[in-house]
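Please go over the structures that come below.
Two complexes follow with chain A in common, the first pairing it with chain B and the second with chain C.
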Partner chain A sequence: MANTKFIKSEFFFEEDVRESVAEVPVDKHQPWPENEKLKVVGKEIPRIDGYDKTSGTALYTFDINLPHMAHAKILRSVWPHARIKSIDTTQAENLPGVLAVITHKNIPEIKWFEDSFLFDTKIRYEGEEIAGIAAETEEIAEKALKLIKIEVEELDFTVDPGQAMKETAPKIHEGGNIVGGNPFTYERGNFEEGIKNADAIIEETYSTQVVVHNPTEPHCSVANWDGDKLTVWDSTQAIFTVRGVVSRALNIPENNVRVIKKYMGGGFGSKLAGGKYTVIAALLAKKTGRPVRLTLDRREMNLAVGNRPDSVQSLKLGAKKDGTLTAMSHYAYGSSGAYQSGAGCSWPFRTVYQCPNVKVEEYTVYINAGPGRPFRAPGHVQGTFAMDSAIDLLAGRINMDPLEFRLKNYAEKDQVYNIPYTSKKLREAYEAGAKAIGWEKRNKQPGVGTGRYKTGIGMGTQIWWGGGGPPAYVTLKLNRDYSVEVLAGSQDLGTGTYTFVAQVASEVLEIPMERISVILGDTGVVPYGPPSGGSVTSPSISPAVRDAAEQMKQKLMKAAAAVLSLKENDLVYKNGTVSSKSDPSKSIFLSDIMGKINEPVLVTTGAREANPEGYMIQTFGAQFADVEVDTLTGKVRVKKIVAAHDIGRVLNRTLLENQFHGGIIQGIGFALMEERIIDGNTGKVLTTNLHDYKLPLITDMPEIEVIIVSEGDPMISNTGVKGIGEPAHIPTAAAIANAIFNATGVQIKSTPMTPDKVLMALSQNS
Partner chain B sequence: MKNFKYIPAESLEKASQKKDDSVLMAGGTDLLGMIKDDLLTPETVINLKSLKELKNIRYNAGKGLEIGALATITELAENSDVQKRFPVLVQTCKEIASPQLRNVGTVGGNLCQRPRCWYYRGEFNCLRKGGDTCFAVDGENKFHCVVGGGPCYIVHPSDLAVSLLALDASLEIFSNGKLKTVPIDDFFILPEQNETKENILEPGEIVTKIIVPEIPAGSKCAFIKFKERASWDFAVVSLGILLNTNGSTIKNGRIVFGGVAPRPWIDTALNTKLTGAATDEKNLKSLADSALLEAEPMSKNDYKIILVRNLLKQALIDLSKN
Partner chain C sequence: MKSKDISRRKFIKNLGGGVIGAGVVLSHKPLKAEDQPAKDENKQNLARLNLTVNGKKVSLDIEPQTTLAQMLREKLKLTGTKVVCNHGECGACTVLLDGRPVYSCHMLALDAEGKEVITIEGLMEGEKLQPIQEAFVKHDGLQCGFCTPGQIMAAQGILNKNPRPDRLEIMEGMSGNICRCAAYPKILESAIAAAEKAE
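Moving on, here comes the complex of A and B:
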């Protein structure tokens, strides 16, 4: 590794600002020029794992099939809130083919969320883990689940956060139902004063539903012990997190746990945490002395592995006649589920639009339901829906074009920390997006259209961190035969990490993509890298790849200088050959350099450099929706989405568009159809399959146009890349909501904006 | 899921003599899901697929259409006689589920499928499963019925049932070794008659054929299905309409609603107003607004009434044109 130093570094991960001391390279590489001048980076390069995936040869976690492998299932609570009085597993154990049954009675106490355990005798939600069974087949394990006899004392439950906040509500944890005991609060300026100075004031309550990640690939772990060493294949976004969780749960050192994940069919945040199922698989593998595979089914995925918390958001905004925002307040609550997760959603509200007087108070509330987990831009999706809906309402109040209103309140600096951005091209995104959607075609007066189908255009603004940061390391191995292996401490969720890592190495070393292989997702092999959440993967990993590759190039130049007896500054590197500038006849190919220095494999390690001190790194963007509302049915059809964003440098145009398509599809799901519904009388989830939980399908998809207004942000890293996974998803619902408002003149204040809600709102309005 | 024996049916006779712990399978798109979800726990599954004679689709001029109960939805939609003479059935087929499911699901199975109520399908011991509560009454009833309910409040999930009832079809049923013919209107029942089943079939009775009379000359038909998602979704509401207009008045017609009741629903009061009704837009609108007057919506489904009236109004206007 090249010279490094330790610096104070700020890093944004999901909703957290993490300040740490990080090891970073001393030497910075020259920023790359714009993509047009690069050869591989930024181009439309098909994903390198595309053939394996489409041909079916790609190995996913579920495909791991080991000799003598046993199969496990988890017994889950059917009660939303209960205390276990007794468990009798005799019958299950006696079923032929059953190999092991574990419950709280026969395993060591393993601490899990807050005051609870892996198997707790207090049940706090329907779907909570009670026992694990390993059997010869999955079918036998499933049968055995039904033979476990449990006696419980059923407890009063609460599944509504508004109700759960009340003093009289059943307590899910000793400390009460408000997570942390207090709301999160934020204040700048003087809100009351700002309201007094306003010419127009709006006060509205918006609500959003719980949605569930529902990735295509189920959560799955395969555990195999070899003596004291445990190998876990896991469908995860965070191999090192899983390693830590498993090592702590089993009380074994981290070097005895190896976590592997090669290919994955999506996670969206639901696979960011170490799962109970992984530890259960490891325990059952230990107990049976056989490898164990444990896969969750769709029902379990809809009950127990996370969700986007709901929200009720009451907003009050004031503005002057000229559009200047004078005051904004945000009071909100949302459900955490039975264990701690973040339901806060006010970050965009605090920082997107310029406003001197802002007040925020928000509560995260325990309810008897599956705990939340980060879901593709946690907080931002629901927060942006409410914020941008309110902005359009307020703009309408003073007869101002909503885009003009946004430009009027454009924030040049980050308002929470009062620091400049490394770059902000939101204005350019507004302009490009508005042009592409045909903003001038929108109804000047919302709802003026006539006839059965009314069309409208609306927009939403996106902000998200996505700058990444240290620590992130990459090992690059150059083989004498002019081939390369890049090992990165990261994992590919299906987003294309394998491909961009190869591209960056190929760009620097001028070695064709076909001769570069990438190894990710194996804690036993790769250096450390961050979990793949928070849109940090490409901005953290790509600069480390470049660093490793640049070091390799320097190493080859130095070696060539020695071999050719020339000065280093007389040498140039091109396509694997080092030549003398002054005497081009003197040149040597890297295979020969490596032969001369007797190195079959050269190794370098690169690192992500520090983020600049005193600057805020954010991604920005705007999405514009063109929708058609059927006034007879209330059904909304999204005709087109234009996504115009500032996300630094594009590494791969094809993968970038994939990310946008995915984010926008999920945005349409959130806006129009997806919802976890719990029966209030029984506390049981009704939407545990993909018929009742409605995901959008191909026929629901609009035309999508992606516009990138940025070209790399040289202040943040040597590649200038920002993340895109979450930004792509954030403003879709807000844009659709505002387009519906523009089409009908009626604002739908609650997601999903299903036909029944739209129809009732239209009929009450007419 | 409970393990079961799987056997092909030897004959209609043998299949109908099945034991109580056996079930008959047509396409299986609903049945197998129910077995997987433990809603059914049969010892034996008898596949009717081997009864090839139940797959025929035959058209006889003057007599109408005979659809073997085991014809798949796709086969019905692709039949040239059906396309030519009964386009409304093609229209209906294309609204059902997804292409894959239509390739496997049968016409008879579509009529006999079980309700999609999330309480019935979930871990709730509801009335339809022999329990003593309908959880929808004060629960999540957005997709439940607005009319004909009580004590259970499901909606019937079949799209074809709505169209076939509008076309006044009959069902041929193999019963006790004999064939009998029943008007489709008499086939479906309400929960007040029996809350554990949706039709008159007794154990061992098998729907063998669907008989659709010729569409009266001059009549126009339509099937309209409203669903939340563009494909692979059950009807929130649906309409099957047959209308014979004579310039400015309706000669006769029939309107059937799906998604509003525990069976395909004929609003009698509305249907009796059809004959002689003027086809000007104002009158058709008031006709549509008189639909489902007897409906008693639940806490979360009053939108269905507006939805039905809106769609009916539009459909009547469209069908009355020319």
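Moving on, here comes the complex of A and C:
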């Protein structure tokens, strides 16, 4: 590696500020010019894994089939809250074809979550793990699950966060049902004073539902031991996290655990954590002496591997007649599930709009249901729905155009840390988006018109971190035949990581894409990189790739100088050839340089540089929705979404569009159809398949226009890239809600905005 | 040699032990005495299935409850076909049965007796992608790729029925295939491009 130093570095991963001391390169590369002047980066280039994925040869964890492999299943609780009194596995063990059964009785105690274990005798939600079985086939394992006899003491349960907060509610953990014991609070200025100065005040409560990730590939692992060494194929967004979790759980050193993930069928945050299923597969593999495959089914996916917490948000906002916000308060609670996760959703509320007097109090509450996990912009989707709904309501009170209202309260700097942004082009996004949707066509008076079908236009604002940061490393290997392998400590979820890594290397080394291979997702091979979440992958990895490639170029120049007996500053690199500027007849191709220095493979390691101190890095954007509401049936049809965003440099226009399409259509799912429903009387989840849990289909997609208003942000990194996965998803639901408001004159204050809720709201208004 | 001329014997020989042993519960552990009846019972329950998969005649003994998807993935190791919901709700397991798209997780393998099944692997010509597959690559009609084989088979099914489908026909034909990444706009673009190229 080139010259490095250790610095204090800070970056946001999901909701957490991560402060660390990180090793970063001393020398900074010149920022790239705008994309127009680049050859490969920013262009519409097909993804390099397209062949594998369309031919059927792409190997997912789900497809791994090892010789002599056994199959495992997990016994899960049918009770929402219970204490296990006894377990009898005799019958299951005696079923022909069963190879091993593990429960809390016959494995070492393995700590899990805050005060629990891999197999706990206290059951806190329907779907919690009780036992694992390995058998010759999955069918036999499933049959054996039913033969395990369990005696429990059923406990009172609570599946509603509002009820769970009460003193009288059944306690899920010793310390009570408020996660951390206290709410998260935040205050700036004087809220009461601000409200006194307001000419118009609104006070409303909004609520959002629990939604489930439901990636297509189930959570699954294949575990195989060679003596003390364990190899795990895992459908994961975080190979190094899984390695750490497995190594700690089994008490073996990390070098003895190799985690591999080449392709995965989606994650959306649900595969960021190390899973119990992975450790169970490893334990069963050890016990049987055979490779073990453990795959969850769709029901388990809807019970036990994460969700977006719900929210109830009570907002109070005040503004002057001229639109100036004077005060904002946010009181909220949401369900964590049975174990700790984050239901907070106030970051947009605290930062998007300029306001001196802000007060926040939010509770994350344990309930007897599957624990939450980060889901594509955790907190922001639900927070933005409530915040931007309230903003439109308030703008209406003072007869102000909602876009004008937003511009009036434009935040020039970060208000929580009181520091400037590295870049903020939200104003440009507002302008471009409004123009593309035809903002002037919106109803000046919400709900005007008398026909059955009413149309309206609305908008929402997006803020998200997505700046990435160190540590993130890349190893680049240049072969003497003018081909390259890039190894990055990352994983491609289907987002296009493989492709942009090759593009960046190709851009710098001027070697065609076809001669570049990318290797990701193997802890035994790649250098460290961050988990693929928080939209940090491209902003963390792309600068490290560029650094590795620039170092390679410098190495070749130095070697060429020695070989040609010329000064380095007289040399220029082009398409793999180093030539003399003063005497163009003197030139040498990289294969010949490497021959002369007797190096078949040259290696460099690149690193992500530090983020600038004293600046906040955020992505920004606005989405505009054009909807039609059928006032007879209550059905909402989204006709068009315009997404205008500031996300730094575009690495690949095709893949970027695809990411935005996905984020927006998932946003439609959140806004209009998806919902996990638990029966309050039994504590059981009613939506455990893809028929009851409604996902958007091809027929639900609107026309989508994606506008990027930014070029590279040179203050962040040498590529100036910010993440896009989460920004694409954040403001869609808010924009749709405001468009429905504009169409009908009625706000739907609860997601999903299903026909029954729309009809109810319309009838209450008439 | 045409693929249809392959004798059953030769085919099984080519496939190796995977198919021959498919109906038997494999165990490398010495069998305990109590395992024997179960093994026999399994054998008794097996049913013979004859069909054509990707142009080759296949004959194998399977448990009657085996779904077509299970048979393809587990017995024939054709893992290109994915199983996502296993309930006939999402279309990831779509294959062509006598040219028409079906959910292979939602039908018994035995119901394919005597029929012709084409999977994503069967679209290929050796290592070469077919036009429909090339369209999905060119127009980026995918993200994670897990539902992609099903999407491509559904699109191929539409083209088999009508080589010149309009946008609405494609939308309708593809509406039984869930893509959680929601790459739908580019999936549609890919299918339309393939339709425009079809003869």
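A few notes on this one:
Note that in this section the second predicted complex is superposed on the first by the 766 of 766 C-alpha atoms of A that agree within 3 Å, B and C clash if a C-alpha of one lies under 4 Å from a C-alpha of the other, contacts with A are read in each partner's own complex, and residues count from 1 in each chain.
Note that contacts are C-beta pairs under 8 Å (C-beta built on N, C-alpha and C of every residue); 3 or more make two chains touch, one makes a residue touch a chain.
Worth saying up front: this structure is predicted, and the values here are computed from it rather than measured.
By the touch criterion defined above, A:L632 reaches chain B but does not reach chain C. When the shared chain is aligned, chain C comes close enough to touch A:H661, but chain B does not. In the superposition on chain A, A:T687 contacts chain B only, with no contact to chain C. In the superposition on chain A, A:S341 makes contact with neither chain B nor chain C. Shared-chain residue A:L493: touches chain C; no touch with chain B. Once the two complexes are laid over each other on the shared chain, residue contacts for A:T619 go to neither chain B nor chain C. When both complexes are overlaid on chain A, the residue A:M673 reaches chain B alone and has no touch with chain C. By the touch criterion stated above, A:E142 is placed in contact with chain B alone, chain C being left untouched.
In the superposition on chain A, A:R452 makes contact with chain B only, while chain C stays out of contact range. Among chain B and chain C, the chain that touches a larger number of residues in chain A is C.
Shared contact residues of chain A with chain B and chain C: 689, 691, 696-700. Residues 25-29, 34-35, 37-39, 73, 77-87, 89-90, 92, 119-121, 124, 129, 133-134, 136-138, 140, 142-149, 152, 171-172, 174-175, 177-188 of chain C are the ones that touch chain A when the two sit in their complex.
Interface of chain B with chain A (complex): residues 1, 3, 116, 118-119, 121-124, 135, 138-140, 142, 226, 228-234, 236, 300-303, 306-307, 310-311, 313-314. The part of chain A that touches chain C in the complex is made up of residues 46-47, 49-60, 62-63, 65, 68, 94, 96-97, 99, 136-137, 140, 214-218, 263-266, 268, 290, 297-298, 493-496, 654-655, 657-659, 661-666, 669, 689-691, 695-701, 704.
Across the complex, chain A meets chain B through its residues 78, 139, 142, 452, 632-635, 673, 677, 679-682, 684, 686-689, 691-692, 694, 696-700, 754-756, 759-760, 763.
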